[in-house]
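So that you can tell them apart, the chains are marked A, B, C and D in the order they are listed, and the count of residues begins at 1 in each.
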Amino acid sequence: MEGKKGLKIVTIGGGSSYTPELIEGFIKRYGELPIRELWLVDIDRGKEKLEIVGNLAKRMVKKAGVPIDIHLTLNRKEALKDADFVTTQFRVGLLDARKKDEEIPLKYNVIGQETNGPGGLLKGLRTIPVILEICRDIEELCPNAWLINFTNPAGMVTEAILRHSSITKVVGLCNVPIGMKMKIAEMLGVEQSRVHVQFAGLNHMVFGLDVFLDGVSIKEKVLKEMGNPENAMTMKNIAGVAWDSDFLQALNAIPCGYHRYYYKTDEMLAEEIRASQEEGTRAEVVKELEKDLFELYKDENLSIKPPQLEKRGGAYYSDAACSLIHSIYTDKGDIQPVNTRNNGAIASIPYDSAVEVNCVITKDGPKPIAVGDLPVHVRGLVNSIKSFEITAAEAAVSGDYKKALLAMTINPLVPSDTIAKKILDEMLEAHRENLPQFFDSVEA
Amino acid sequence: MEGKKGLKIVTIGGGSSYTPELIEGFIKRYGELPIRELWLVDIDRGKEKLEIVGNLAKRMVKKAGVPIDIHLTLNRKEALKDADFVTTQFRVGLLDARKKDEEIPLKYNVIGQETNGPGGLLKGLRTIPVILEICRDIEELCPNAWLINFTNPAGMVTEAILRHSSITKVVGLCNVPIGMKMKIAEMLGVEQSRVHVQFAGLNHMVFGLDVFLDGVSIKEKVLKEMGNPENAMTMKNIAGVAWDSDFLQALNAIPCGYHRYYYKTDEMLAEEIRASQEEGTRAEVVKELEKDLFELYKDENLSIKPPQLEKRGGAYYSDAACSLIHSIYTDKGDIQPVNTRNNGAIASIPYDSAVEVNCVITKDGPKPIAVGDLPVHVRGLVNSIKSFEITAAEAAVSGDYKKALLAMTINPLVPSDTIAKKILDEMLEAHRENLPQFFDSVEA
Amino acid sequence: MEGKKGLKIVTIGGGSSYTPELIEGFIKRYGELPIRELWLVDIDRGKEKLEIVGNLAKRMVKKAGVPIDIHLTLNRKEALKDADFVTTQFRVGLLDARKKDEEIPLKYNVIGQETNGPGGLLKGLRTIPVILEICRDIEELCPNAWLINFTNPAGMVTEAILRHSSITKVVGLCNVPIGMKMKIAEMLGVEQSRVHVQFAGLNHMVFGLDVFLDGVSIKEKVLKEMGNPENAMTMKNIAGVAWDSDFLQALNAIPCGYHRYYYKTDEMLAEEIRASQEEGTRAEVVKELEKDLFELYKDENLSIKPPQLEKRGGAYYSDAACSLIHSIYTDKGDIQPVNTRNNGAIASIPYDSAVEVNCVITKDGPKPIAVGDLPVHVRGLVNSIKSFEITAAEAAVSGDYKKALLAMTINPLVPSDTIAKKILDEMLEAHRENLPQFFDSVEA
Amino acid sequence: MEGKKGLKIVTIGGGSSYTPELIEGFIKRYGELPIRELWLVDIDRGKEKLEIVGNLAKRMVKKAGVPIDIHLTLNRKEALKDADFVTTQFRVGLLDARKKDEEIPLKYNVIGQETNGPGGLLKGLRTIPVILEICRDIEELCPNAWLINFTNPAGMVTEAILRHSSITKVVGLCNVPIGMKMKIAEMLGVEQSRVHVQFAGLNHMVFGLDVFLDGVSIKEKVLKEMGNPENAMTMKNIAGVAWDSDFLQALNAIPCGYHRYYYKTDEMLAEEIRASQEEGTRAEVVKELEKDLFELYKDENLSIKPPQLEKRGGAYYSDAACSLIHSIYTDKGDIQPVNTRNNGAIASIPYDSAVEVNCVITKDGPKPIAVGDLPVHVRGLVNSIKSFEITAAEAAVSGDYKKALLAMTINPLVPSDTIAKKILDEMLEAHRENLPQFFDSVEA
């Protein structure tokens, strides 16, 4: 796989605040994952951050004493040439765009939800054309590379790549499953390694169909604990509104944090409105966090990942990526939940759609473990999000306004075609500069 | 099929205000559908209505000069003995129950929707145990009879019969498709017989996937017309809130009137609140209509179906039933949209679930015409309703409170598990007398 | 659909001995199927036959007094321009090729079977490239035309068109189902119109899953009668080896005549060897029949279809074609068994594969009626033939020798890869002139 | 899982000559697989062998110094009480029955094939009722036990248990996949642990869809090597008739040894006839081998598995069983090819059917890895064997003669219903004493 000796890894959106976690992950695994070159790529607008983060990265590898060459560049094509792995973690329009994704829907009493909600639609419309361009570059410059995508909305992006590019070596990655597993271990007071969760569903719509402690199912116990409002598992970026205990037991599967948007829509909306008034949107909170992080990163004396980074919602993302790359490279055969082509693993999802499901990770890629079908009572919601993702990807590729309206209307968080149109129109306008396919008359 | 000569038909809920339409339908078809006996069955509480309607029925057949014996009875078993066709059109708890189905959810700002919504759940919980008892009687007393169900929620009821009884000769019937076809013909100013609609979906969640005039697709034209607010097709019992024209074109399929509850939830809710304040719920409106109808029916000089009956939302229901019975009896091979076992006709719905789809009607029952799959953008919503129907049927059969809560929460009209619980608890209590499986400690 | 007034129909392979039946069919239906022009197209080598048949056709329409213009041409493109329907009934390599298809395998103790057997493979390899050329002409010259294919192997050809062309308006036609229905009616001594057979399977591998007389299943009775050696239904071109009565009852479905090749392989082989020694192959018999027919056709006084034509195995083919065209043109909505895209009608066959199944015939094409799944005990054989058809079509398109060997080896009539290779090599050589994709170095 | 401390394991058919391998396997793994008691169960007729093997087993554990209590019993129920694992390796009718399974079909020029062929049908008819009795005992006496079946025909037996018992904790085991992997490693001259094969199909009808060396596909190389007659991989009990190299490359998947029966039927038949004349049937050869083995086992000084055992065709069977039990008990999560419920792993096989496919082995059982679909060209044959297995299992359970005839006729090795009947009738008679369901009038 690797060119000379050691691997060439390319990180697109390398100026991200998450990068130090990635570096830490690579350093930690250097013994089994011999990286020769790591290229951090960013765009003009991100040049300053790239340099701050890149310099920290250089200090980190130096301190660790591993011979990884760190390259910083704004030239994506140069970076991709003969790469072995490409990771993507960029944000088209940066956090300002996320702010709009969250704020505009709220004006219409609709949750923005930047991945599976109206905000996610707009994020997809901005992101998918860029990721498909990257795919075309990969085909040309490093056709044997694996693309590890953790750019959100990761489910919709993976769907788009599977349907609208010729790339097949792609894996979508999310930190939600690992977060669920950690919370469960913590809740039970046991070591993580003893807990195994049978994950199946879609990105940010993944269920733990069963949970095992040392191989024995403890699902009932976990569901009972989760019904206890004190314990309610959640992610840092999702308000911890408590589950109804009877509902959880009837659900008979572990929901992820994002399920609250769909099973507790009114409560989450109220909480988002409150938070946006009192604290600003999540985007604004994150913006502050990032600012502080970059201040830290500038410190010439810092040569490790600062612990403050773990406060970001995306914690464990980069570690999950390193772990995935490690398992692919070493043909490890361990089980990881990733976004990949369904291939029959989940009965009610099309074979050629992306799902998030436990896979055996091999050098030949992730091999999904068949779960048969999802419980009948979750098939509807899961299919609603899959319908949304496919339709949104089509809108992103075609720049077709009506398709975008259709995607917005069928999103379960949006109450009507009328509201959908209002939100869409305002958001398209707000993101105009990053949506050439909708505004550039030559393209459209 | 028939016993001696001529058919024995049994109508359960025979005291319904719809019965005169059924009688008219049978009279009209007598030449090809030789009915020997028609048994109208009702329960004690409906005795008075049964007599009023039954006497009108007798006057109708007498005037028409057809030798159909009309029997009125409160003894269901006696009626069912050796029947050839059994039709069901009863309402457990009568219109008072419907009133609660509509009013209680509205208190929580949730649409009641008496078929696929929260009201439909409670209606199902009341109705399914009764219909399954009827199924057991049919197995015993007339195992070769066809059960033609038009008791709502017809989709959920057909699902429950397919899954929880051993009856296979069952057809669920709805007047929505015929109504859509009539409206389209009217909109285009052409005769109905020239219009053919390719129906597929679920009960009250059926789409016209294509529309043909003299065999040539006119879907685009129809969608354009429907986007014109002046033309917006609707049913008498559903507020005619206008569709967004762009959305309709992107939808690329003809929605039924009930789709407004899901694609225009906020507008329909506002309309329901307004109407309930100004006009009372639909149940109350219907109650008034029914009262007037029964006054008319009492008139000894009346011996035809009074034209006022057509104002009821259920218009054409009984005619559809007569037409279906006629086609089964004569092995006609015509195409009718009915609720039947999917059997692969719609790809994303399980083989053994009920769907509403065009079928060839034969003496051996309806044979669904394969449509491949529904458009990707409607699969989510359709599966949500199917998840709801299956879960609701399980709750109805088991009397399991948690299952009922699960069904209520996953209904797309219900915003959260918290609200679901409040609505469910109040409704279970309100319908306590008709829900023995939830309250009778021996059963539960 | 039609251009000016009346339809333009094109028959490729117009010089076939079957053509008079087609003409008769069109004359008979002229009232509802107003044909303006009928173009009979053939190739150079068939010019003489084309003229003989064409002149008979002209005499026939003249005598019948219908204003159909008969055009005879060797220029396919001229003929196709603006056609409404195109029928194909040609034979690449003529009967001499069929003779080889039947004789060469017999040398290796293998049944030739010119449709689903080794002979069918070679016939497909010769025919598919030609039919795909015709498809390209249709796309260019008459993109709205329906292609009605009754060139054998009709299943494999339809599969190839669905997978390897962009034509979707194609129907494959076979006379086996109509023949089965006629035989059953005859066996029971009732009128054909009272019998309805639920056909499902593949071309020449079609089963009657149920049989109805006046709408009531009589499958058991028919299977019992068929087990009686005196009654054994068969086609003129398939030896009537008797079914084992116990086997038939366990099969619980009506086999077609061609099933004998698979369920009675050794007996059919013995019979073919005997016949080829005593009577020559079927190809030789047919050659004689055809010679006699053309002698008859030359008679200037003949202006009707001569009754002798019915002795040919393909009886009712052309009438079935006329009936299909009639139903499409008039949007009739009757039920006919044809070869079309499965679309979910048969569960264990891919959605995008050709099946032979009862369809509702509309102006928008055939709509297959869902049968759920085939009985478990026939799924294996049916899938074996489908595997063979798909692999053979791939070999025909690619000219890949190994693919052709694979198709030959997996055919259920062929005992081993070793024998497959011997047969294939000898047959490829024998048909060299009609297999440019395997021999022309530029193509391959 | 275990009762007191350590596991209780029960081996039905404990007097088998394979048992020493099993004992060796348990001894080897004792550190991680703490077995308290091993019960060897046999029937009256096998008492002598049970004692010989049982005593050897006792000497083996003694020598190894592991505290496993070996119990010998003819009382199955006593043995099963509270078992943790039950393994089955019995042979109803012993080797004499196998002799008939192989000899009788040969009289009719048909390969007996004791697993997927006519012999396998009769073996299934004898075995399935016994295994279903064992299942009923397990339900009653040790409902939490895992049943590890390696009684042949293992595919048909697993299918029968899944469909006709309430046991879900069952795994069917075969040594064919491990044998294929070993041969490939040997052929390439590399260590087994570096080779990974993607197995999918049915028992004795399993394909290597891909082969990896250190995670990199080497399928092409392996297929090329296999096409070299000198290298042709095979099993000890299957004649090594050489594959055609072009066919193998077109097949594009690694066949197992048993595929020769289907892709090289005539050659294998010739070989079986030759061998039966020159060497006796395989049953007779095995009988001699067994006799010799038992002579060895009697030797009081023998306290290890004698190396001669590896000459038996079933080599590695018992080791595979130990390895599977070990992985279940320790929740190991490694990948093993076993027979289990498909659950969507292979697209063209029903969800509820048994398949042989790579699974992740956990304490909760084997979790099949989704392969999408089998290559189109093998779907037919695989489905033919699955049709055969399901039909045979139904015949075994019902004792229905016609079903048995149907199973025999649809087997790909059997040329006709006529021959099927002859073979079946003679075999039923020959095995009469072990087929009460076909002969006992009370049962039938």
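The rule is simple: a contact is a pair of C-beta atoms (placed from the backbone, for glycine too) under 8 Å apart; a residue touches a chain by one contact, two chains touch by 3 or more.
Treat the numbers as computed from the prediction; the structure is a model and nothing was measured.
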For this session: Tell me, please, which of C-D, A-D or A-B gives a repeat of the B-C interface, judged by over half of the contact pairs matching in residue number.
Result: A-D
For this session: Averaged over CA atoms, how far is the centre of chain A from the centre of chain C? Could you give it in whole Å?
Result: 54
For this session: Round to the nearest whole Å and give the separation of the Cα centres of chain A and chain B.
Result: 44
Seminar exercise, completed: chain C residues touching 2+ other chains are none
Exercise. Looking at which chains touch, is this a line, ring, star, complete or other?
Worked result: ring
Exercise. Residues of chain D touching chain A in their complex?
Worked result: 196, 210, 212, 214-217, 330-331, 333-335, 342-347, 351, 360, 362-364, 367-373
Exercise. For chain A, which residues are in contact with chain B within the complex?
Worked result: 243-244, 246-247, 249-251, 263-267, 348, 376-381, 383-388, 390-391, 401-403, 405-407, 409-410, 412, 415-421
